[in-house]
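Below you'll find the structure I mean.
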């Protein structure tokens, strides 16, 4: 192992820069050469990279986004795109490649691994936390905290007006952010794609609380559950409660990473370099049961990470 | 002047609690009795109030929302509603009434003033900053800072992806929040309802910047300018720039007030009590040219506050 | 199990209120009566408590401090004090007692357990993270994040002036906060009481970095390592680097709890009630290897929790 | 006016970068050449500068510190140092020089102005707000907000323990930060260097509040009033109140500038360029009575800015 590459792919997540920094500095300590590919898979396809040295990553630990930039690459989904990326790796004698991203990026990495001898290691970084093989991804903790701070602000208006708020959080088709935020803000109801819900039950629950005198309330909904604007209207029509929707949106992706996201980034990077130095590839690093470990790349790609449904139940108990 | 009432009306704004606290404590120092009417005008219509003492307002200075709650009262827009409110004031021997709110609330106060002998003083508190007679309203500074922090977060994703973002801020039909936020975040383009804009100029400006290599950019748009989702789509179609919309929404109304919003609340409250002790009514307090002063209630209601167009021009110069 | 008590003891930590809320609401769901003892052990000594119902804990989830207040009780360290507390438990038929606090509080709980039949469960809540039997205590994550945000601010001045900063964080005689903050902020040097350090090595390291052109730097020091003011002076004298000390102080104890601290509080409370319903006592709940579990109270009190020295080493590698 | 220089001198303040950006971009729009001198006066003495173009100041608007760095220059206090700076200006044909800093920097600018034909304009940027000729300096609003957020956190511990806290804020020999923070946090007592205070009065006030049942309290003290640690001890000895001191320290200088500090920076920069284009020098720009204006440099240096004592009185009334 003499030369490694690193790229950030897919959606950006707070802590990606901390991971790039840690990969670079640890690798340099081990006398590895580090190439930073730009704009995600596009940089591998077009051979766009910069040589990363310890000072190249100065002053980025605490910043959001990614200095290597990212993109959603359509070309990389084609056989031709993947071949070009494999050629780039071969032409630059890249022995190991660290892919920082989420599920989609790891599927790309899996496809690429079949066309190259370069050892590929995935570092899970996505606010969605939907990567199998790790309890937590880089950026998840930050996104949750950002959402919680936002909901705490909305609570002021909610209480002042005795309103019901349907607050839509990110997470695509999964409910990890919604379940954690819901528990942390004391949401009356948490709606996640993993649990089918009956709108009539939602109306009933709100009406019961109003009958007991609790006139304001928070519903935290994952974006994957469907049309929240319509849901808010139906709640207002069916319960009489003044109901508003709020979409937290892109603020959840950005901002300075939390201490925990930075820490995870450093520990994952450390593990990734350790694996590469042991000539191991096709692995995804992760935090499992409190330990930094790794699992097979294909297993991570092909397995759906289960949502802890207990969290959703506990949120419900805690607002009674 | 022996008994005063206080109510928060219309939309909530950070710093309303600071104003309630200051009114109560200053009034008590002057041996006035303070009645806190609940749920805005509704409390005046239904005679719902609590007696406020210095300790009633302990621990609220730094909180968002309003402990007296607020509402948008339809009944108060009727002659009958206003008469009921006037009766409530008479029945409780309320000599002075402090109305904490925005334009709509002051129009209500003006209507009420014609049916009562109670001296009415308006304290401008709205995130929209659209009250004539004051350079700044309570809550405006906080809302602007909240929006700026949110845009700073979105900037991370924007730069990582080289995207254009259309960010919709509050302000109803006025552009005060948009103009100030736009300048503070370095927006490439600021769109406010007060200035007609030509979509083709927007497209042209974005294309010119892209031609020069600046591929990401922020457009801050007041909610009053129309459909931002459509605008984002048209920008993408006409410029080729990947464009996203983000609506900051209700987070702008909440949260702990900034030091400045708290200070303004205390100073406005101090002025309001001073006016009442001088038996003056039908006034709106304000900050004019650095001085705490007051103007006639009717003048405030009937005059449109001009937007400083210089700010919008300066924002444009600063992104060249 | 029909009646339980709950008290917050020792130093306050963000998330204590989330724990009180969860204990109360979960217990009420199980038809338990909940007594909230006030001012820590003092409330048990003086029989000062309030009956807690679900609505008593409304609106506290996101707040710092503790609504039950706390104190450092000298009387409770006497045999007499402990006997009084045992009598209070007996007189009120308290079957189970939940003690929310840190090491010192659990030592108190252990002493009390020898004088009472009430089942006692400890919930670890301290910013210091120094409780054996749990990887993380309630409040630790929040304190670390607060410290990290503060250091990020100081970094601006440090870089502008090319200064070295010795930043003293909390943690009493332990280095958990310092090690985690140091890694998260990219500290050049992390000083913890668990690792002896040689001042000359510190000077040498700073001089080497200056020779390479890196003129500013952060040293994160646990308060337990000794006099940081003197250290800063000695660094300046021995290296020529302009050096300043900053003590972060009490801000680390307060503020709204992070999502993670709130979550941990809810999960720990859930486990505590489960143990009590199973008639188990003398246990401390905790997070071990990703699982909510519990250990024997006496073992927790008598065992020193080890610091992960790897974190300190990794911090050092990452700044090379 | 063809070439201008810009330098940040003295202590750093949030918003300095916003000012550098605005100076550069506005000047370039007017076809001026901009030289950014580095490390404050030292850059003028040693002829260290970089040519600033619009893209040189990209991405800095929202950051704390100063990209031009700063220093406290001893050499500039000598006649020789000032002559060297004047030579640097002459050698580079600098027609106008913008000095961004506080009182000390403007005294330096005044001395320099006597040795050069270059027109000098001061932009007031210091967290201390102690520049005569402007109601507010760049950075003051940010520092106050940072201090207020910190005190809000300390309040949690204070209330939980029923303690008195003496909180020392920055401001050197002046009380602007202390007075504003004190009012914004609801401090029981505000101590500023401008008002002599009697310790016995402080003890008496605290004892009276305790007699009325208010056992916790905040004293906000300017660093210029003397030894706060000793004061805290004396309060504890004389009143029986558990009392702690907290020094907020360097966090007040750093962090992202508030919207208001950024806005002020842009407006001040705009005025500075306008003055230079009119061939005016020896001026300090400022905000006076709501208007951006300027005053004579020597007048600004030689006049002490008065503290609004009303704020301190109002703070006292508001905690009764």
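Going in written order, the chains are labelled A, B, C and D, and every chain counts its residues from 1.
One rule holds in what follows: a residue touches a chain if its C-beta (ideal position, glycine included) is under 8 Å from a C-beta of that chain, and two chains touch if they have at least 3 such contacts.
Since this is a predicted model, take the numbers as computed values, not measurements.
**Q** Most remote chain relative to chain B, going by C-alpha centroids?
**A** Of all chains, C has its centre farthest from that of chain B.
**Q** At what distance in angstrom does the C-alpha mean of chain D lie from that of chain A?
**A** Their C-alpha centroids are separated by 40 Å.
**Q** On a C-alpha centroid basis, what's the spacing between chain A and chain C, in Å?
**A** Roughly 28 Å separates the two chain centres.
**Q** Nearest whole angstrom, what separates the Cα centre of chain A from the Cα centre of chain B?
**A** Each chain reduced to its C-alpha mean, chain A and chain B end up 35 Å apart.
**Q** Would you mind listing the residues of chain B that make contact with two or more other chains?
**A** 152, 155, 159
**Q** According to the definition already given, which pairs of chains are in contact?
**A** Result for touching pairs of chains: A-B, A-C, B-D, C-D.
**Q** Inside the complex, what are the residues of chain B that reach chain D?
**A** Its residues touching chain D are 21-22, 25-26, 28-29, 54, 59, 61-62, 135, 141, 144-145, 147-149, 152, 155, 159, 180-181, 183-186, 256, 258-260, 262-263, 266-267, 270, 287-291, 311, 314, 317-320.
**Q** In the complex of these two chains, what residues of chain B are touching chain A?
**A** By the definition above, chain B touches chain A via 8, 11-12, 14, 63-66, 69-71, 146, 150, 152-157, 159-162, 165, 244, 246-251, 253-255.
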